[in-house]
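Got some structures for you, see below.
Two complexes, one shared chain (subunit A), two partners (subunit B, subunit C).
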Partner chain A sequence: MKKKLLIAILLLPLLAAVIGLVVLYHLPLDLEDRAPSQPIAFSHRQHVGEMAIDCRFCHRSVDVSAIAGIPDVDLCRACHLFIAVDRPEITRLAEFWQQNQPIPWERLYRIPDHTYFPHMMHLNAGLECGGCHGAVETMAVTRRVVATKMGWCLNCHREHGASIDCWTCHR
Partner chain B sequence: MSEATDQLRWGMVIDLDRCTGCGACVTACQAENNVALVGKEEFGKGRNLHWLRVERYWEGEFPHVRARFVPMLCQHCADAPCEPVCPVYASYHNPEGLNGQVYNRCVGTRYCANNCPYAVRVFNFFNPEWPQPLDQQLNPDVTVRSRGVMEKCTFCIQRIRGAKESAKLEGRPLRDGEVQPACAQTCPPGAIIFGNLNDPDSQVARLARSPRRLRLLEDLGTEPSVVYLKGGGHEHVG
Partner chain C sequence: MKRRTFLQLSGMAAAGSALAGCRKGNEKLIPFLVPPEDGATPGIADWYASACRQCPAGCGILVKVSAGRARKVEGNPRHPINRGKLCPRGQSLVQELYHPDRLRTPLKRSGPRGSGQFVQISWEEALATLADRLRPLAPGDAGKSAVLWTPPLQGYLAELVARFGQGVGRLQHLAWEPFAPEWRRQSLYGHQGLIDYDIENTQYLVSFGADFIDSHLSPVRFNYAFGRMRQERPTVRGRFTYVGPRLSLTAASADRWLPARPGTEWTIAMAMAKRLLPQVEPRVLAAAGLDTAELARLTEPYSVAVVAELTGVRATDIEAAVAKLVAIRPALVIAGEMLVAQRNGPEALRAVELLNLLLGSVNTPGGVYLTRPEAPGNDSSLAELQQTLATLQAGNCDLLLLQGVNPTYNLPPGFGFTEALAQVPLVVSCATFLDDTVRFADLVLPDHANLESWGEAIPSAGARGHTVGLLQGVVKPLHDSRSFPDLLIALAQTLGGATGAAVSEKSFLEGLQQRHAAGNPARWNELLAQGGIFPAEAAPPEPLRQVSLGRPELPPAADADPDFPLQLQIYPSSAFHDGHGAALPWLQQLPDPMTTAVWGSWLEINPQTAARLGIAHGDLVEVGSAAGTVQLPAFLYPGIRPEVVATPLGQGHQGLGRYADGRGVNPLQLSSAPEGGGGFPVPGTIPVRVRRLSEAGELVTAGHPEGSYRRELLGI
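Right, the complex of A and B next:
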């Protein structure tokens, strides 16, 4: 009896470790801050939701390049030279402009260096921005809505009949 | 191991009668694919990295000596000996007839290099270092491989994908000669031709039917995608 108890006690941590590893493997663990505070409290809800500005107006290279592109301070400034110039966040924007500095935005979506993700091919295939980036038009603070893990990529590629050859994304 | 089912089957023709052994292809390859340098000492231990090398052979006795050059790269075999030995499927065959290497899968057993009869697979014994200002010339389209990973020629897969992407965006088929690996692009005498072997009218397919054709170690049955041309009576050295 005592022996059985001893074996059970020894096996328990092992079982826990195995279950832990399985859970680690299956959960889309996304431990980084999903909605980090940005240097300027930019609201997608205001720009996309209320003003109905198209994504491509600011993220200009999204349909021609692999990289969607973060707008220059120049582009922000082009509108905010006239719009809401006296609000505190806009004066901070003006400070970046006057110091000739880019805005150090915190990156939300990160893809490993060994992975190639072309935005333009996905848009060309008819996918919507919101399919991956969520309903940004409702987000006052922009947050990451998906953990960009390989399983997530593959599911969508299989669903749409896109290539699942390794060298399509890794090279 | 599988047959290429795609309408594309990439292949290369290297005209040895045109090759002068200048080594421009090696330099271009090194720059395009972020192939690391290991230094003199490690080079002496055979730990150098090369996706493409020019082998030199001497023929004849002095003073009637002739140099022969054979640019050597991954042959992208249809029946590749490196593929079945990989325990983690890092070495795999792609639908376009390319022999792929997936760096993030590779665990560094080096079985593939051991099984490659052409000795074109190289192993990263160290994390590569790019002293200033060399880090500025890294190609952003190509992964920088880390320690413990096997690597080899990819036929410049980033250029193949780039050309396919622009063709798709413009809604047209790929043109012959649109994809050029760095070595083919830089070769001064134009000895390296790259293209789709499944298109009988492509330049590479026409040259691959030449009577001068030969494939390296063909008796092993590896079915290489690289065809060498030799013996046209135009040898310029000698």
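Right, the complex of A and C next:
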């Protein structure tokens, strides 16, 4: 009896550790990856939510190219030559411009190698940006809302009756 | 291990792997500062047509450019030379563009010559220094001269250089590089124009030392034609015989290989001529200024039995090749570099080419086509090179301006180029890499890479009409470099006076546009889009004039020199050409087609000879000639005559960037004197001795069980 208790006492922490690890694995702890601090604290809430600027004003190639494109520094500066010039974040933007340096944004979404994801086809098929990217108009700090894994792609393709042939994406 | 230690270690391992998960996993997204003027859309590529200058073949290319960066090079399907195909050297052009060791700004020497110590200077200072040296050369003034040394130039650039030289005054232009088709001057056809072999329509092909699949004249063009000769016709598969001491990739593609002793290949041609002669009508020979009786006398001694004795090839094999050539039409005979580089090369070349005349294969389908060029080439001969070197050595030259050539590497020490350099007060080099020769320069001017340059690529072989490939600057220059023609134009503007008047164009691009589509921007865009000016139909072939017969002499017996019993053959590498490709890692990693060796040099040696000398595969051996010794790993290779050893040219650089520097061996160090025929600085064979040093040859091959993953041997 005493021996069984001893074994149970020894096994219990081990079990707890295993359960803990499983829980940890499933918890969304990669916060820094999903919502990293950017070189300039750009707010989608302000630009999209409050100013109601269309996504395509900045991400200009999204409906013509596989790549949505991020705005060149010149485009940011075009507005901020006149708007909110004296805010600290805009001063940093001006500094990048003056030093001839592009802004090294942290990347949020990455499609794995050997996978072809054309933005324009999804957009032209009538999907909304927010379907994948979430409600950016509410995000002061932009965060990743989906994990770009194959199962996620397939679910959506099945749902919309899109092709799930290997060659559709892996080419 | 104690249980406690085990638990400690597993705990540490678990903690370690958990920590790895805390690493930040994001990449960076770097936007443009200002978008490119032509409004590049990210993710969408443009394809621009241009031309490849990696070898004299002049293939057309298409370059994939997206977001202002060149990403991939392919063959241009509309170009008549390569028809959409491309070799690895062309594919590697992107590596030349992005090479980490490219010259980025003008440099001035700060240490002693050859030390490789330079300081950055401005283009203004560089141009002023150069102009100060060029001013005193004005015609009329007495004094020393200057030499401009480039590879053979064509078209607009050749004309620009000529005008610049006349404007400056005493500026001598030497247009010489090792594997330029200049050797074709020695040809039976007496012809320096366009040459094309109609391989695809021939039924029987014999190559005498012409490695047209590896490197001969226009390898992509001839590879394409060879494929069609073999497989494109429904009922005929063309036959192919190769004559030469080493089994090259070309020889390995043949139905029959006749491994003749080096220097005796032409005797097989004589045996063929002897058998063909009775079939030939005397008036055909008379038209070329030949006498049937004289030819009969010349070929009389060369019966198959005698030739078998001379060449060391089985008589039945020679007989089979001769019988085929007599029976099959159309037939074509090609003579190439490995034949011409022999001491009796020029004569042997003419002796072999006589066969095409006897076969009736000159300017006929399945034969050799000769076309008069639009403008004569300006290639200099080996004799002119030697004269120039004598001028330098005598101290009669104030300025040596080098562009696109690397004589320190490509000339054997016997030429005395390094000593000659010491006599020149100012050596200026216009180059993309700090190569073997640039190290000795006083002033280094960075040149554009191929993909940044505008210009023309005019093929000298493989076409039957005036073909001009247009080089297009497909990306903005990455560094503070200037193309050579624009450098000359800037110099002319700095100099002013007669030179400024002679070279009055604003830029090379503007001149090029003026030349090909004056005042017609639409036409210019059309030419650029298709990649050049391609003839709609073949130009009328140039008939044969009087021909001079080749009367080669036999080489000395193989064992003539007991000190150096073996013959070393140096062949152009299919990846590096004359050596400048060695800078690019893709070409270094490209397995040699016959040995699968990568990232180094090796010595091909017959297993019989190796067994006699006690050498095993991969051993380190010393190869010694009258001029010096080098150390190489041995590669036991059955495809070579027992008395011949062979090594490729291309490695053994001092300089030329991190991937080439100090890697492998330059076999030209074994060549003693400027000898050899046909405009080659290297004799076809060098008498050598080989001895084993150790087992540590450090040979790296892709076919090795450990393969090219033996990175510790590569050292990168």
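We take it that the second predicted complex is superposed on the first by the 139 of 171 C-alpha atoms of A that agree within 3 Å, B and C clash if a C-alpha of one lies under 4 Å from a C-alpha of the other, contacts with A are read in each partner's own complex, and residues count from 1 in each chain.
The working rule: contacts are C-beta pairs under 8 Å (C-beta built on N, C-alpha and C of every residue); 3 or more make two chains touch, one makes a residue touch a chain.
Predicted model, so just to flag it, every value in this text is computed and none were measured.
When both complexes are superposed on subunit A, subunit B and subunit C end up clashing with one another. Applying the stated contact rule after C-alpha superposition, one finds that A:95 touches neither subunit B nor subunit C. With both structures placed on the common chain, the touch criterion links A:114 to subunit B but leaves subunit C unconnected. When the two complexes are superposed, the chain touching more residues of subunit A, out of subunit B and subunit C, is C. Using the contact criterion defined above for the overlaid structures, shared-chain residue A:128 touches neither subunit B nor subunit C, since it reaches no partner.
In the overlay built on the shared chain, the residue A:50 is in contact with neither subunit B nor subunit C. By the touch criterion defined above, A:167 reaches subunit B but does not reach subunit C.
In the superposition on chain A, contact is made by A:70 with subunit C only, not with subunit B. Two complexes overlaid on chain A leave one subunit B stretch from 131-139, 149-157, 167-175 or 221-229 clashing with subunit C, and it is 131-139.
No residue of subunit A touches both subunit B in one complex and subunit C in the other. By the touch criterion stated above, subunit A contacts subunit C in their complex at residues 30, 32-33, 36, 61, 64-67, 69-74, 97, 100-108, 110. Chain contact summary for the complex, subunit B toward subunit A: residues 92, 94-96, 98, 100, 102-105, 141-144, 154, 157-158, 161, 165, 168-169.
Across the complex, subunit C meets subunit A through its residues 24-35, 41-44. Against subunit B, the residues of subunit A that register as touching in their complex are 112-114, 116, 118, 120-121, 124, 165-168, 170-171.
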